[in-house]
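Per-chain residue numbering starts at 1, and chain names A, B, C, D and E are given in the order in which the chains are listed.
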Amino acid sequence: MALSFSLKKRFRDFSFDIDLSIGEGITVLFGPSGAGKSLLLNMVSGIVSPDEGVVTIDHIDVFRSSEGIDMPIRCRRVGHLFQDYALFPHMTVYQNIAYGISRLQSSELRRRVGELMELMRLSGLRDRYPDEISGGQRQRTALARTLATEPRVLLLDEPFSALDYQVREKLRADLATIHERYPITMLFVTHDLEEAFIMGENIAVVNDGGLEQFGPRDEVFYRPGTRNVARFIGTRNIFSGRVSRVEEDGTVVLECDEMGEVRTAYGGRVRPARGAPATFAIRPEEIMVIRPDRPIDRRVRDNVLDGSVVSATARGTSHTLFFQTADGRAKLKIEMPNSAYRKVLPFMDGTISVSLKKESIWILPDARGE
Amino acid sequence: AGEGRLIVAAASTLSFALREVAGDFEEETDVVVILSFGSTGKLARQIENGAPFDIFFAADDAYIDELDEKGLLLPGTKRVYARGRIVLAVNRDSGLVVKGLKGLATPAVERISIANPAHAPYGIAAKEALISAGVWDEVEKRLVYGENIRQALQFVQTGNVTAGIVSISVADVPGVDYTIIDDSLHGPIDQAVALVKGTEAQEEAVRFLNHLFGPEGRKIMKRYGFMIPDGL
Amino acid sequence: MDLFPLFLTLKVSLVSAVFTVTIGLSLAWLAARCDFPGKWILDVIIMQPLVIPPTVLGYYLLVVLGKYGPVGRFLNDVFGITLVFTWKGAVVAAVVASLPLFVKPARAALEGVDRNLENAARLLGKTEWQIFRTITIPLAWRGIVAGAVMAFARATGEFGATLMVAGNIPGLTQTLPIAIYDAVQMGDTTLANTMVAIITMFSMSVLYFVNWLTRGKY
Amino acid sequence: MDLFPLFLTLKVSLVSAVFTVTIGLSLAWLAARCDFPGKWILDVIIMQPLVIPPTVLGYYLLVVLGKYGPVGRFLNDVFGITLVFTWKGAVVAAVVASLPLFVKPARAALEGVDRNLENAARLLGKTEWQIFRTITIPLAWRGIVAGAVMAFARATGEFGATLMVAGNIPGLTQTLPIAIYDAVQMGDTTLANTMVAIITMFSMSVLYFVNWLTRGKY
Amino acid sequence: MALSFSLKKRFRDFSFDIDLSIGEGITVLFGPSGAGKSLLLNMVSGIVSPDEGVVTIDHIDVFRSSEGIDMPIRCRRVGHLFQDYALFPHMTVYQNIAYGISRLQSSELRRRVGELMELMRLSGLRDRYPDEISGGQRQRTALARTLATEPRVLLLDEPFSALDYQVREKLRADLATIHERYPITMLFVTHDLEEAFIMGENIAVVNDGGLEQFGPRDEVFYRPGTRNVARFIGTRNIFSGRVSRVEEDGTVVLECDEMGEVRTAYGGRVRPARGAPATFAIRPEEIMVIRPDRPIDRRVRDNVLDGSVVSATARGTSHTLFFQTADGRAKLKIEMPNSAYRKVLPFMDGTISVSLKKESIWILPDARGE
């Protein structure tokens, strides 16, 4: 059930142009608000006509502007959960979910809808109308309605945005099993980083109508292709510098304005030239705070910076620190679990050292010239 | 029609008179008479388009002639059944005494209703009478045209116009005083009847007309103000 | 009092309501969903019966549908149907006269339906006809009923065109409004008032029924 | 051809449209927003002019508004206004005849407006009147315009009641529909057709204008 | 600007009954989907009429059913962001935002709306209609419209649910500053645990139409009052046992079926009776995995359990492990940062020990009999 498309669309001051081919499984569409994620789904399902382009589902053209092919929406067998649900206001929860199921005997139909309502935890709401249920219940009804037709291509536009974390975890697992049970191609839009990571085998990062990066989730997450992707996935600590030398063990030493010399475990294929510009990033949770009461571990002696903590924010399960080097030139965001935070808390007011492990530093390929 | 049924199309002025005549006739024979009233113009248009009428009583013989020319009537069946008379009707509550048509010229008579002289025979006669009486120019601006004489009379009856010229056959209603207008002031209002071509009840139709023109019929017609001229 | 006119009026207004709603819905849907050049001309044509006096409208209908008219002759020759001076003619007159009252609000209501919901139904594999039946019409319900009620009332009260097309033949084509008109013409206001009361009661019960039918939100 | 009837018709239909929309919107709003026992009776009363034949309606109006009628006398004594046999009478007849055509669809449209949006406006500190003006009416726009167009067309074509209330006074109260009727009665189909063409052209331009006015979504 | 209310409302199969008094500042409403959060806001702002109750804003009754007081919505000066936005579809973004601002000169108005649009990152969308902008842009327009009237009571129903994390972080900070700039009472609904923690000075946990717990965020988060609250805030590891003895240093030793003896630093006021039932919980991130290659730290020798890891899920910045004790009776959810995970990864297949620090174990008060 391969899905591939190449789509162009222009609005007054927004233009969309994305080519993508995805296979079976779940692909997460990730990107900032207004990037064009919903528009992409709308053009794939046929709700919005592209200015030009091609949409191919399972090697069959459902849209090809050059040949005037435009398969009616209903024949595309695409399930599409709208961001604003579009529940039928004149039908009950049950009727909404049952609407798309055709040619089933009534007992069979009832069983199937009941099953879906169970799955979505809607069981008590059978005869309510959409304006009599809560936001999250609406979202689940819409999701059930979309799943009811057992489409082979499933487009989900932020399907869990209105759900609490318990239901969300449950449904994430259920979607994953659906996909294990029968072959399905899923495009899953989310704003939630963690959700993107958990759900996506592959992640496509969309920005301003274009594709920033597409690849397996670990690649996108830990090896972002561009500065934008790095920002979107929350890398935060991004710096520019130049290659000052390459050591024998492959360590690339960069010289950057804010932090001076930075040693990195360069992982690229091409050996970088001296003096070449390089942008590098380190994730907030990868920065180690060195406890003054302990000897410096052998492994954390890379890139040790002295400075002080400017602010600390509690986030429930972790703390976010903003760290500033002694000369005030580099600012780093650091995330640490509460247990670690409690350990460094006594030393927080004085000078503190952090270490950027060289394996944790990622040099962005767009500045590598690859 | 046919099968002992007779459909009679008639100008609405005849509604009271014909109902009585038809009632008598139905008693005498076993023919069912269906009366369809309407404005003469409308009925004529309907006959032109194949209405299933057997007899057509027009309020104006001009329509009979027109239809005859188009070959829609049985040739030679035209008969004048009445010569209409017009009256000057005055609303009793207005307290005005209007002396003849000349009296209409006084400003006290704010509005005068007549049937539309463009198509209604009584309207034409009223207009002619007003011209003959020499008051047309004065009253023209104060005229209200009714769709037919009934409406002209309703205007008088409800007091919205002070006086009106209507046919004698409708004038006898509460709240209205009327005086007959000299028939020399206007051309004759000949009201004619004819059989419609294609009628399947020609025999019954003839019998109905014979009844109407018989002594019984004449008596009823006269009572409702339809004077059948002598010698016709 | 003769009850025939009442029953005839019932028959004519009900039958014509069926035709009006069927034809009207198709026209409204066409106007609301399809875009073609000169669409507003269709609008103008549909609205015409409102603008020209009913009697005149009736006259045109009589000419077209009558014994010698193009449509009348065709219907007579091919199907052996005579419209003029029968209750069927009254139905035709009522349909033509009340169609604009239905089409306008029905179209407005159809146009007001959220396209997104129709798209959602398309995605669930429904055909355009299924969507029209299960989504569009129920959501435009309010406007459609408003139009239908008006059209029905107009058909019940239709008089000018009917008088021309069907004639005023007691026991055959004399509807209640025509009987009322006759009574007023004859100066018999009591009879007229009685019949107006009957027709009012009739329309009242229909409106009450419709009110009851549409008491929900959809 | 005398153009007076055309101008009179223009005047009467435009003035009556203003009245119809003003009165009709208030009635529609009342019916859509307020709940009071016997509300459907109001509905029935408003719909009555559709059901009874225009001529009969005109007769009733004449009796009520006429010289000796309760309303007529009051208006004459207090304001010195005479309605019957003046163009104002034609306006009254047109308003009464066309009001139901406006109220029904306008009400349906007002009822269709999402209450949530009105609540959102309330939360922003707006008064009910401001909300009606800035939220409800713009969102019910389609239905209101549909109703207004029908009411306008009906007012333009109004004939039966007008003839009764305003009379047929050439150069004073003879509207175009009355002139057309006269022409048909006289058998002057050419004149009638010409005038029908004129009234069609007139309604066409109005409809075109309205179409143009409402080409957007709101 | 104190806000207090006591509200009752019954639907067919849902009943709502909550009393609450909140002061200036941000109170987060937290609870599962369908709990009654939106209903609560709707009743406070006047959109939904309670069956009975009182709403007092700044010591003025705006609603009091017993005396028939029901102040019109427009006079309550409450800002309310609906969960489904309710943007005016016939107005542009600019017009929507400007709608509520009255009696301002046009230049002043333009400036103010411009400022809000800037704040919400809507600047390019001035003349677009709601159906021409993305879901997140809609949400921000609605938020701007609500803020435009400068209400003193602000009800925000999941204001950031459709936003990406960058914009979200920015707006969270902005809301916090708004509240610093002028006194405001804010009720903030969210499903996002982290957001609840960051935004809320106080957190009210709502469940099934009732109030489960209300208090300062740390209290709700780290010292949940009920089993439900513990579940909602993601505590996950909840067990039941009995008090077996109390030691001299105050340590309460519990006996539980799944894990045997568990030592806890009981923090309650009343000394627990032997044999009393006790429910206790430990947050997933507080469970320490003991690295076999290191000596057991003095501080982690409490409650050491041996077992194995059943599954591990990557969540981007952290990993979630499911741990099972050797006898298979206790299952624990453990969350650890990626760096820690990498360190234990080599030992993952064999037997592993975890430690539940006694200070991290929280005994739920509802079982304490307090």
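Convention: contacts are C-beta pairs under 8 Å (C-beta built on N, C-alpha and C of every residue); 3 or more make two chains touch, one makes a residue touch a chain.
Computed from a prediction, not measured in an experiment: that's the story for all the values here.
Visitor: So if I look at the partners of chain D and the partners of chain E, which chains show up in both lists?
Guide: Correct list: empty, since no chain touches both.
Visitor: Please report the minimal path length, in steps, between chain B and chain E on the chain touch graph.
Guide: 2
Visitor: Suppose each chain is reduced to the average of its Cα coordinates; what separation in Å results between chain A and chain C?
Guide: 58
Visitor: For chain B versus chain D, what separation do you get between their C-alpha means, in angstrom?
Guide: That pair's centroid distance is 35 Å.
Visitor: Could you give the separation in Å between the centres of chain A and chain E, each centre being the mean of its C-alpha atoms?
Guide: 23
Visitor: Note the residues in chain E that touch 2 or more other chains, in rising order.
Guide: 84
Visitor: Which chain C residues touch at least two other chains?
Guide: Those would be 55, 59, 184.
Visitor: Could you list the positions in chain B whose residues touch two or more of the other chains?
Guide: 42, 45, 154
Visitor: Each pair of chains that touch: what are they?
Guide: Pairs satisfying the touch definition: A-C, A-E, B-C, B-D, C-D, D-E.
Visitor: For a test of understanding, state which residues of chain C touch chain D in their complex under the given definition.
Guide: 40, 43-44, 47-48, 50-56, 59, 100-101, 104-105, 107-109, 111-112, 142-143, 145-147, 149-150, 153-154, 156-157, 159-160, 177-178, 180-181, 184, 192, 196, 199-200, 203-204, 207-208, 211
Visitor: Which positions of chain B touch chain C when the two form their complex?
Guide: 7, 12, 15-16, 34-38, 42, 45-46, 48-52, 148, 150, 153-154, 157, 170, 173
Visitor: List the residues on chain D that touch chain E in their complex, please.
Guide: Contacts found on chain D: 114, 116-117, 119-127, 134-135, 138-139, 141, 217-218.
Visitor: Given the complex with chain C, which residues does chain A contribute to the contact?
Guide: Touching chain C from chain A are residues 45-47, 72-75, 77-80, 82, 84, 86, 88-90, 99-100, 102, 145-146, 148-149.
Visitor: In the complex formed with chain A, which residues of chain E make contact?
Guide: Counting only chain E, the residues touching chain A are 11, 13, 31-35, 37-39, 83-84, 124, 132-137, 140, 157-158, 161-168, 191-194, 196-198, 218, 221, 231-234, 283-286, 288, 313-318, 335-340.
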